[in-house]
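In the two complexes below, chain A is the common chain; its partner is chain B in one and chain C in the other.
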Partner chain A sequence: MKRIVALLLALMMLLSMAACGGQETTSENGSNTQEGGSTNAGGETSTEGGATEEGGETTPAGELPDYSTVMSTDNQPLFPEMVIKDFPERPEDPEALGEDEAGHWYDMEHAGWDAVKSSNLPTSPGDGPEGKEIYVIVHGDHPWTTAYTNGINKACETFGIDVTVLSPNWDVNLQNQQIDQAINAQPDAIILIPVNAESAVQQFRKITEAGIPAFGSNLLTTSAAMEYMIAWTGPDDWGQMRELAREMADAMNKEGGVCYLTHNPGGSAYFARMYGPRTELAEYAPNIKTLDFQSPGFDAAACKQVVSDWITKYGDELNAIFCADDSAQLIGTIDAIKEAGREDILVYAAGNSKTGQDYVKAGDVECINYQSAEGDAAAAVLTVAKWFNGEEVPPMAYMAPVMINAENVDSFYPCQW
Partner chain B sequence: MPNSTNTTVRKDTRTQEMNKFMVIVNRLGIYVVVALLLIAGQCIRPDKFFTFSNINSVLQAVSLTGICAVGLAFIVYSANFNDMSLPMTIAFSGMVSVQLLQYNFVLSILGGIAAGLLMGAVNGFVIGKLRAHPIIWSMAFNFVMSGIVRWAWAGNQIYPDTITENAATAEQFYALARTYLGKSIGLQIPLMVVVMLVMFVIGHVILTYTSFGNQLKIIGSNYDVGRLSGINCARVVFIAYMINALCAAICGIFLASLSKVGAYYNGEGYDFECVTAVLLGGMTLAGGKGNMVGVFGGVLTVGLLTNVMNLLGIPTFNQYLVQGVVFLFIVWINTNSARKLGKS
Partner chain C sequence: MKTKLLKSLNQYRAYVLVVVMFACGVFGKNFYTAYNIKAILDSTLLYAFLGVGFTLCMVAGHMDLSVAAMANLGAVLTMGFHTFSGMSWGPAMILAILAATLAGVINGVMISKAKIHSFIATLGMQFVLKGVMYIYSKGAEISDKGDFGFADILNKWLKPLPITPKILIMLVIVIVVAVLMRNTRFGRNIYMIGGNAETAWLAGIKSSRYTILIFAFSGACCALGGALFAIAQSSALPNMGEKGISPLLVALAATIIGGTDTNGGRGSVWNTFVAVLGLMVMSFVLSNIFGKFEVQILANGLILAICVFYETITAYYNNKKIGIRQPLLEQRQKELESAQ
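And now, the complex of A and B:
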């Protein structure tokens, strides 16, 4: 018995050591791609992009290869349509406005509106992306991040860029170490998803001061951080939530009560996915009343209890629920609604995991928003590639909002994560 | 030299009378708080609080915590503090279970339980036999398993309906957490709640009425006394970890079924949530104290408190505050009553 246990223990240790090294697979272009990677060891993934050759000819510098036909896992174009937003006029004192007024959140929604680019930003080499080496430092491990990494690898292959991906597993200190590691490697560029907006200023400044071009991705930072990056790309979380809220208001005939399951308090998604729809509804459908908002996290059982309590408390006053997540929160919500026999309650959610899409397809959820993890990554790589090419890149570009409903859900399968 | 003829008899002035309130508090323990919460709930929502659906919802919300807390109680009782590898035991069991759905449903359940038991066996051997520090080892083991699981599934989560080609098997798996009993008599009691209650009863019997339970109490109270009394301490601790792992595995399978996905993050937070419920129920990290009835009360308190706060419409930030204050109050009253009665 003791020997068997000892043998199993040794096997587990061996497996864990192997896990730290990552799993080697071979990608289509014959390069080595490490997937997964141990987070705790700062899981490292890399893709040898190699030269992109079409018909035996190397793509000349100054002309990017045709990327419009490259598709993501869900059969959508890998490189999404990007939108450059105009900043509306800033209120004199946003804090003085009420929380249900869009202006109150101006600095958060329109972060970067007053960013003045640092004079130390590196200039483009203008010799194209091919053969360049970049580092991508993500924020942490999550199935979404795995899909994002897939997008990075695909996009880098498209442009012949060699990429190394690092993950600090949501640890700011580890991310700082990885930034040092990346700077020491002297890559041609670094793409960074900061663990949090506050630490981003120091991080981007450090990269820029080392003479390496820095690009922001996904997480909207503060204006101070934007000064030290060449460009930022990512989802328009506020814009998407506003559009989702309008869809919900129309379905409710602009009347009734709504409850919100929020994202984790404090993060940018918390504000965008609660105050985005709330401020939009205050203008677009003022007769819709916010009944309650709670943050039970991402545990289906806890979310179910909150929704069951809402149904008990508000009864027929509750007409719609807006979820900040389309996985565990949505499962808890739908289970509670079905258990209470309240299928009349409309449900809307942010994100597009397989769970969310399956619910839309089944008719349990009216609408979710398309948030391509691979597209998010590809948008960042495309910006870097254009910059290497000497093209002018916008300081901020958002992925165009797309809604997923019963009519178009089938075109988004198979899901990215 | 003392003069024996002048010796006066000194009267023992120490009070022998016990504080009656403290006796009641100590006997009823956490159920005083449960009763207070029930009264509060009834006052807030007289028409809706004591309805079957509301109480059912509370029990359902804490059923997974409760199932895990039963197992963790054995660890706390044996003075091994907490099992920090609980999250990965839950996640690993769930993922193995979902992965094995490609063969058949029964194998998937058995495989999930076996995966959890394997982790329990490693913990039990290293902590019971090799006497590794329970917190440091289980935390390290959690990291190791976290790496293994990410490596094995390449950082992805797995969906039952994509793992198996048989849609009915996936539906059967989803139904685990959505099965209700007693429909014929007009009740809809979730299977998870029934499993939790059954496990509490079994846990209570094992802890209170078996020689293993007695041995665990001795080891929890004083390991050396247990060892010198001839108890095979390594074996007893090993069994405690196996029971804990079994409970975590069952929780992991239910959780994967409930969230319709096998994922490495599925058990996050359960280690602290469960140990909170166990400690609220009157067990102490020092071991050898408390019982399963109290732990059930601790689990109920967690669920009822959230329910009452939701019905009151208390925002999340304030809920954290209220929860903290209530939990501090419970720990204080437990400690205070035990001290006043000379039990600590």
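And now, the complex of A and C:
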């Protein structure tokens, strides 16, 4: 029995290898790609759809459909305004600077500043997005991801792109498998939100070496990963936190004490959402003191306990709390503040969930930042569509920061997630 | 005939899983390509190493819940020694494996000398190792800083075979351990300790020494798997497996599906590898057809539940048979006594 099964198995593997091994496949965008190998360096591009190739550069195939009128669930334009940031000069030795100095975090905040694009990057087919097939691999399931997927579907529908969305449930091993699966399907492009910033390097490298154009979305990776993607789009976490911090400083008259509930230690959001505001305040409002920062995670009860302890310990010295999340962390914070009768404490939070918006509307929270999940997705698809069309796309583009406060909160309903 | 077929199917269930799932590929898109088969084999890397460690311990009648943490330790330390301390890959891997071996020895001593249940001892070790890794890496991901040389060697596709050097290393380890377990006194003694500790003691086997050795080997094996996995993907993270499908659970499922007895004394490292392969083929097939990880988790759980259910039913009926024979034996004994 064992031998028969083993023989059957070997036979099936041999047959499949014989049938498909080393076979060349041609992707629809016209780039000739060998399985697992690299794309043709010559960058042969199709001239279908009116695109022409002159001196190695492709010209746009035509106008993209009008996308400016497409709206997201929260009645905001689906395709957000994008910003191309100028990188300031890098300090000679960022590590030598103090943690409260912006330069210390330069490589993290301005990841990609020194990225040199790989010479293996595929060239645009220049024949427009219509009928193209793309894969989108997200990082994991979450209400935010559901909204992001909605955005992907809406944006792809706008440009007539067929899309397959895969989710690895936050598992890097599973994400690697899905990347292999996507490469095996030979789509016209892959959009990837990596689970981890560092492992993204090999992931983007693998996609690019398979001759498939790779696009990064949402999670800001490292310069090394930027090398292997055509373009990256996403939120400017550091920039938004800086703006939120300035709002907070103005409300505090640039004086008083702040405590921070941080994101999970080690992740990019941990640094952006704590050191972003801290370094900004050090310059913009140096009289504001950081009293403490804690990482109780995303459990409302644990957050409530931490905030209650702060209120007891710091008393009137505590004037504001900055939360890295506007769901569980805000629930715990507001509960503790109300229980202690300290409604004078100002609360600011990162995020854009219904919980956060409801708190802003109720006047419990002063300000949160708008971070459209659907817009994030749409920005990535628009970049891909422009690239298919032969248009030049910036290597990195950030969503313009927008703040939500009591004055404008009503215009952001119904919430995306 | 029916029972015999069912028995055979159960005995070779890991192989059946591979064949059935591979056949299901006809419903997928572009499933039977050399690239896909290579990708499936590549995805077995970490789980196969964990499966070897887990199976060895389970055959000896123990449960090593620290296998995933050991692999993580191997990954984080190898990457850390290389990136932070500037060591070359060889010494970095050796030191990381030695550290995990030491943790395995501590596991073994706690279980065999301090008589702490392996479930508790290894669960505790898992948390200790997590703490150590978080402190060492400051909770952040460690990369190889663009040093892709070794990663490229490990990931190189050895055409026309659908295989990479990292999988060759893994296959060599699995085969060597399988031969050791099957054909050497060392291996047979492990089966005896797990099957019947009293008999093993009467046979003069020093079970404490074996327990320490097994856990040390399990630690080393997992750390090697973790190190290779980290080098191949150019990064290591202290909380790998905390989200998504835990590598520990995949190793456990593969060990059970591979036919290892949860009470010890029976099992095969090779069958565990085949079960890992089966689970990975299933993962690729389901992902290809449905594109949803939820279906994969469901299928993983269902297959594991069916295997455990079958084992339980079989054990129940075996016990029942023994129960039926007992009165017959007693009756016969009485008859003999009265005849005397």
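Note that in this section the second predicted complex is superposed on the first by the 356 of 417 C-alpha atoms of A that agree within 3 Å, B and C clash if a C-alpha of one lies under 4 Å from a C-alpha of the other, contacts with A are read in each partner's own complex, and residues count from 1 in each chain.
In this text, a contact is a pair of C-beta atoms (placed from the backbone, for glycine too) under 8 Å apart; a residue touches a chain by one contact, two chains touch by 3 or more.
This is a predicted model, so every value here is computed, not measured.
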{"item": "Which of chain B and chain C A:Ala328 touches, first, second, both or neither", "value": "first"}
{"item": "First (chain B), second (chain C), both or neither touched by A:Pro265", "value": "both"}
{"item": "Chain B versus chain C as contact partner of A:Asn253, first or second or both or neither", "value": "neither"}
{"item": "First, second, both or neither for A:Phe293, with chain B first and chain C second", "value": "first"}
{"item": "Touching partner for A:Asn405 - first (chain B), second (chain C), both, neither", "value": "neither"}
{"item": "Which superposed partner A:Val306 touches (first chain B, second chain C, both, neither)", "value": "first"}
{"item": "First (chain B), second (chain C), both or neither touched by A:Trp170", "value": "second"}
{"item": "Footprint overlap on chain A, comparing chain B with chain C", "value": "2, 5-6, 8-9, 12-13, 15-16, 19-20, 22-23, 35-36, 141, 265"}
{"item": "Touch list for chain C against partner chain A, complex", "value": "8, 11-12, 15-16, 18-19, 22-23, 29-30, 32-39, 42-43, 46, 137-143, 145-146, 148, 151, 157, 159-160, 162, 229, 232-235, 237-238, 240-241, 243-245, 247, 280, 283-284, 287-288, 291-293, 297"}
{"item": "Contacting residues of chain A [partner chain C, same complex]", "value": "1-2, 5-6, 8-9, 12-13, 15-17, 19-23, 35-36, 140-141, 164-174, 176-178, 180-181, 183-186, 196-199, 201-203, 205, 222, 224, 264-266"}
{"item": "Complex contact set, residues of chain B against chain A", "value": "45, 48, 51, 53-54, 57-58, 60-64, 118, 121-122, 125-126, 129, 143-148, 150-157, 159, 161-162, 178, 188, 255, 258-261, 263-265, 269, 303, 306-307, 310-311, 313, 315-317, 319"}
{"item": "Contact footprint of chain B on chain A as seen in their complex", "value": "2, 5-6, 8-9, 12-13, 15-16, 18-20, 22-23, 35-41, 43, 141-143, 145-146, 149, 262, 265, 292-297, 299-302, 304-306, 308-310, 312-313, 327-328, 331, 335-336, 339-340, 354-355, 358, 417"}
